[in-house]
Amino acid sequence: MILAQTQTARRPVRLGLTLEHVLPKLVLAPSLVLALVCIYGYMAWTGYISLTPSSFLPMYELSGFEQYQRLLENDRWRVACFNLALFGGLFIGACLLVGVLLAILLDQRIRAEGALRTIYLYPMAISFIVTGTAWKWILNPSLGLEKLVHDFGFTSFEFSWLTDPDKAIYTLVMAAVWQSSGFVMAMFLAGLRGIDSSIIKAAQLDGASLPRIYWRIVLPCLRPVFFSAVMVLSHIAIKSFDLVTALTAGGPGYSTDLPALFMYAHAFTRGQMGLGAASAMMMLAGVLAILVPYLYSELRGKRHA
Amino acid sequence: MTSLSICNVGKQYQKGATTLENINLEIRSGEFLILVGPSGCGKSTLMNMIAGLESVSSGQILLNQQDITHAAPSQRDIAMVFQSYALYPNMNVYDNIAFGLQIRKWPKDEIDAEVQRVAKLLQIDHLLKRKPAQLSGGQQQRVAMGRALARRPKVYLFDEPLSNLDAKLRVEMRTEVKKLHQRLGTTIVYVTHDQIEAMTLADRIAVMKDGVIQQLGTPQEIYQQPNNLFVASFIGSPAMNFIPVTVQHTAQGRFVELKDQSGTCLQLALPAGLAVKTDQQLVLGLRPEAFSEVQPHKLSQAQVQQGEFLVEMTEPTGPDTLTLLRINGAEVTARVAPQANPQAGAKLPLMLDASQALFFDPVSGERLRALAQPAAA
Amino acid sequence: MRNAALLSWQPRLGRLFIYATLIAVAALYLIPLWVVLLTSFKTSADIRSGNLLSLPDVWVLEGWIKAWGTACTGVSCDGIRGYFVNSTVMVLPAVALSTLLGALNGYVLSLWRFKGSELLFGLLLFGCFIPFQVILLPMAQTLGWLGLANSTAGLVLVHVIYGLCFTTLFYRNFYQALPQEIIKAARLDGAGFFTIFWRIVLPLSGPITMVTLIWQFTAIWNDFLFGVVFSAGDNQPMTVALNNLVNTTAGVKEYNVDMAAAVLAALPTLLVYAVAGKYFVRGLTAGAIKG
Amino acid sequence: SVAAQAHAGEVEVLHWWTSGGEAKSAAVLADMLKARGHGWKDFAVAGGGGESAMTVLKTRAVAGTPPAAAQIKGLDIQEWAKLGFLTELDSVAAEENWDTTLPGVVTQVMKYNGHYVAVPVNVHRVNWLWINPKAFEKAGAQIPKNWTEFVAAAEKLQAAGIVPLAHGGQPWQDATVFEAIALEVLGVEDYRKAFVQHDAATLKGAKMVEALERFAEVRRFIDKDSAGRDWNLATGMLLRGEAGMQIMGDWAKGEISAAGLTPGKDILCVATPGTEGSFTFNIDSFAFFKLKNDTDKAAQQALASTILTPEFQEVFNLNKGSIPVRLDSDMSKFDSCAQDSMATFKSANEKGTLIPSWSHGLATTSQVQGALYDVLTKFFNDKKADAVATADLMARAVQSAQ
Amino acid sequence: MTSLSICNVGKQYQKGATTLENINLEIRSGEFLILVGPSGCGKSTLMNMIAGLESVSSGQILLNQQDITHAAPSQRDIAMVFQSYALYPNMNVYDNIAFGLQIRKWPKDEIDAEVQRVAKLLQIDHLLKRKPAQLSGGQQQRVAMGRALARRPKVYLFDEPLSNLDAKLRVEMRTEVKKLHQRLGTTIVYVTHDQIEAMTLADRIAVMKDGVIQQLGTPQEIYQQPNNLFVASFIGSPAMNFIPVTVQHTAQGRFVELKDQSGTCLQLALPAGLAVKTDQQLVLGLRPEAFSEVQPHKLSQAQVQQGEFLVEMTEPTGPDTLTLLRINGAEVTARVAPQANPQAGAKLPLMLDASQALFFDPVSGERLRALAQPAAA
């Protein structure tokens, strides 16, 4: 009798168990399916294409690692990869620095916070299709900054990075930082606003100066934000396309070429789809090599709350 | 070494609602001051203002005669244990404790020694590697305590530092705090809800209510001569019994009557010099320990008498059994030894020691003082 | 506010320094906008002859009027005004969907973790780095199979998929800092998975939602590649029109029109930034729990 | 005419004509098609000389929804046809006698396996040298007829403080200049061998090395800020007299007229040094895709025939600066440069000196073109680059890209 | 109504470190069980597991004979007050309390009435519009309490629900909880560090240490017959005195000696039936109240004797003065009435009531039971 009761009563509990356990997975499922197909599926497809002699449009008969070989012999590809390392490093570093500093300064109960925040953010809003032109003018020695300073009488001033094959890459960094640092600022501002104030109070009492509080307490608490920011910035760096197209188009020569540009040019403009796919796979491999250890160290069972 | 003056300090969180009103406190150098008061009366707010973590709406705070009302917290050299712990979530226990020392650029080995010492003291030395999220409530509280103890500030502020500890640990910690105070002689302001803590640690106790200080005095003063009904009711656990009485008059003098439901009636002579009139309504304050099992040797003392009372309910607490009576219609708690074996519904012979009886004005709540006869109260 | 006295440099000099820095940086950031705006008010002749930083000889609205209403973006010469609707119709659902899904994913991945959820998160994250150019062809094929090729729905789908990685990342990392006890309390209160999300977690997500909206709105509104490839002829988004307006192969460049168009096209995004600001408020979680 | 007006169809046309004049010409085409009873669905994708448009076209093709017609040129037409995407236009062509109205070089590009799959729109001449006469006067320079004179004129200009050659440092502009130089050095024969037939020996031969050396010398004659400059800004320098010359296709005329100047009068047009009589051509054309719907197919044919009507040819080419493809075109409304161009076109057609411009994709596949761009732009921007090694590199790059 | 069985439950947060070990608890329907134990012993962890908020590493939890070990928290119908409050920061006090009811789809006016009722009970009715961040610690705790009270669950779990309240409010709340329990008869599991709370509220008390239950019994059992030194020392405040003694033997029987520094020596007869040998080392446990001022009427009782002791230190707590002695080298606390006026350094006549004396094995810590003579202990 009691047994029977127990068993009938048990059912809803069991059902609930499964629901509570399954629901989170169910919610995650669509995104995962999409990711599996549209990220990993397509990646596999690209991997396959990189092993074919596809030129104009995809072809499906295999030809081995021929495309990779070509890629490795290609001087432009080497330049592009080197540029990415240089550009990516500088860009991510500078953006984090500028973004964090701006966020911290903006967090000091600033009067015109709203206006300033929008000013730092606006570069994101304006498409590089056009601002690229403005930047080109500004950086162009005979039109922009250099001319301006010369007009003021300082004729010894020289700023011709844009047209110098060795320095043009830095102008890319400048423009990219200009465009993206505002968003990093916003991310950090959001993070700062989520921090429990009593912790900061405690640190103040411990005698820490404000910079120190940020450095030792607040910023470490914002580790997840750093993580997001690094992700976003590497994404921007790796995929920088509009920016380069607009500002230097890879020039002078191909001194500011980047892998994304290289890939697009070969896969679509030049009809060397196999080579383009190979370069894409190399890019992904590079990302993987840098990212996986980082992801691993960040995600390994760490939880604050 | 360090005196702390709080002059006319007020605080309003929102316009219109006053949280603290005109607080005046002179905390002497090396003094151990305990703040008590009902939840929400503004204790933490006051502590925060002393520490410089909350802005002061009006008034001044002086540290060693220097105005620090608007000084930055880091300039005040004050350590505080927060009611909400406020541990650094990103650091492990060791770093939480060491942080303040690192800031002060102590040598590494000294920091290490100090952290170890404090951790041992607080019995958290096996937890040094853990993050706050991996600690139990009491462990977190001890880390918060350790953070303050590892420094040598001018003033310590403790906001209910022991509330999450078990009784045993609490006694140990209490002793540690006391020793600390004796050794260093640092000025300490301490918030607690624990009766014993307040009584045993404090040099002086400040009782607050609704943002106003009701009484400031030594533990004994506060306990034995509370200014008013509020203080009397607030200090002491179980709380003081308040019995409505009416002043009566006979040839022997003025007295009040205590009537039990069962018919027992005791007469209590009023202390001489108490400015009351016949037929005046008073509130008689008697602590639970004033009612106890009969101890024959005491019966001969003045103000001690006995009677049988009807027991309404009993609450054994271990060392004592709290016994609920009803006198003059008011609930009265008596502290009786378990051996007396009080039983609800039965009558129990009890002894009343009225030597510590207090009288209050029922309207103003003020304690009535015996004129020119300080011993009367 | 509770933190009135909190986190501020006390000395006056310090505040002066803060303001000086902030304003200097702002000025620096505004230079390109300055150039763009000045240029948009110049005449073509003025641009050809003058200095790019000099004020216009005469201030003319010609560029703006043309950009708005008469510039050619193909065979039709109606400016960019018609494309606002196209972009809006595409952006709103795409942003809403990807944000919502991201919030849900983040919620699961930080507050309802299960065995392997970290790995799944890692998998999803990696999607942030797939170059979009790579997926154009297979995606086109897939959309073709689904019958969604060159439809707004298809474009929205694409944006949602490739926006998910970031929205999930943002939310997950934000929720990571929420006290787990709140969720526990709500579960005991009988709230289920979705109730907790709607009633407790989402209301706490103000700042991060703004960050996500800024990111997604900007990314999708300004996206050109997906827009041009996956949209149908008459549903083309703003960026395609802007691109058509700006890029000439053999024609004459009208910089004033280009610049005006760029600013016009960016207006909705700027609006989002300005409005989003309100939600960057401090410290809802403060005092939520002890410790 | 041919089109069956009774059944109205619709053609979706992918093109990158979006700037004022071009867009208006396209609108004329649309109107003319409408007059024939067919609809025009505009599909404009500007940018990068059609790069974006090509990307879009490929995805559309893959998705199974290609447009009816797309602006495709040069050897790409062959590629698309080879993949089987293109439809045949032989019936219209036969009816309208394209074989006779169009020059053979042109029809060759438009045919795949002997069948018309594309329709030409115009012909650009690429080997133009634009000269600012005022600057020349000021510097006392002579209009150059060959390399030596070019160097002399350039030095004179330079001495007068004028930038000799207005140039934009983008790969295609570099290639345009080099193409002109190479044509002079190599001559028509070797040019064909090198750039059309990809003969390795010619590509790394002595003449090529010389061409490269001359190309390197050009660096002296351009200003230091040329890197990345758009061609129209370079033209601007020329118009303002800051520069004396520019090597650019005839689309530069648009920029000249927009500044209120007259090509051929205020700004002179001559063949690039040593290429008088030769004509490097660049042809815009539309390829036609296979469609399922019959009425749309009809509209497609109508479009093909409309494009080659003299009316459209005239309107369009007046706008674009190019010349009509039809040999029988009336050139009276055109400026002197265009008339000159047409004359040369015809004579060159007869002499066989009509040469496809590789820098604009008429001679080679885009792979080879791209590979050459890379080598040349690298060479031009690298002060230490060695001509011999580069010639060698060119040969190898071309081979590897095939 | 609702019984709760915890069978062999274990918990490991990390591999290797066991937080809870084989917990077995039968909580009867309607029972009020109190969990006590040192900070970090696993009380909160156990509560969390009962609520379904923490996974169970091994064992089973049965609610009314049903296995709920892996059921979702929302299906258990259990309400809990968290040690860390865990208020919803985005909701004001009203909504915090109403949330659980809204989820259960109560009608709006009933919710309103219930929230008002609970808020009044907890004296937070003037705070209903505030957000948690604007409340004091004690107010937050009361809101957390209100959230649980506004429901009618099968089981209540309270994790130190009153730790941040002042003594007065605490007594009131304690009474409310007791009333609630009597009215509803709901099963309650309650963690507290407050001696009085534990003694007065509990039907049974479970004493835990390091994840193991040391003793489970009624308050009286736990207080008077602790199983071992740990339980004895843990329950009672001030804690029980432990005095090392050696069994001696004379004609009258076996006894132990208590020696003061001043030379006072009392002899304590061992209860009959205690299985000890002569010269065996024992630990004698005497509660502080066993030492008191001399009450002549008691001196005649068995096991009561008097002597003069040297006072080392005094701690007035109000009703009593805790007086530190040293007996057999061990610190001993005596609970003396303030009137006896103990003075540090002076000798004080004290009375020892050894009727509740306990004996422990110094090695195992187990209490030595008198064989066949249950009254002896």
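Should a chain be cited, it is by its letter among A, B, C, D and E, assigned in written order, with residues numbered from 1 in that chain.
Simple rule for what comes next: contacts are C-beta pairs under 8 Å (C-beta built on N, C-alpha and C of every residue); 3 or more make two chains touch, one makes a residue touch a chain.
Note that the coordinates shown come from a computational prediction; the quantities given were computed from them, not determined experimentally.
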Following contacts chain by chain, what is the lowest number of steps it takes to reach chain D starting at chain B?
2
Labels of chains that are neighbours to chain C and to chain D:
A
When C-E and A-B are ranked by contacting C-beta pairs, first comes C-E
Please flag the chain sitting at the greatest distance from chain E, going by CA centroids.
D
Average the CA atoms of each chain to get its centre, and name the chain whose centre is farthest from that of chain B.
D
Whole-Å distance, C-alpha centre of chain B to that of chain C, is 57
Note: chain D sits from chain A at a C-alpha centroid distance in Å of 38
Centroid spacing, where centroids are CA-atom means, of chain A and chain C in whole angstrom
14
Which residue numbers or ranges of chain B touch two or more of the other chains?
52-53, 72, 83-84, 86-87, 137
Quick one: which residues in chain C touch 2 or more of the other chains?
2, 6, 136-137, 139, 179, 181, 192, 225, 243, 246-247, 283-287, 289-291
By residue number and range, which residues of chain D touch two or more other chains?
48, 55, 58, 62
Under the touch definition given earlier, write down the residues of chain B that touch chain A in their complex.
48, 51-53, 72-74, 77-80, 82, 84, 86-91, 99-100, 103-104, 131, 133, 147, 151
Please give the residue numbers of chain A that touch chain B in the complex, ascending.
196, 198-199, 201-209, 212, 216-217, 220-221, 223, 303-305
Chain C contacts chain E in the complex at 2, 179, 181-182, 184-192, 195, 199-200, 203-204, 283-291
Residues of chain A defined as touching chain D within the complex:
55-58, 70, 73, 75-76, 136, 140-142, 160, 162-165, 168, 245, 247-249, 251-255, 264-266, 268-272
Going by the contact rule at the top, pick out the chain D residues touching chain A in the complex.
48, 51, 54-55, 58, 61-62, 76, 79-80, 83, 169-171, 223-229, 365-367, 369-371, 374, 377-378, 380-382, 400-401
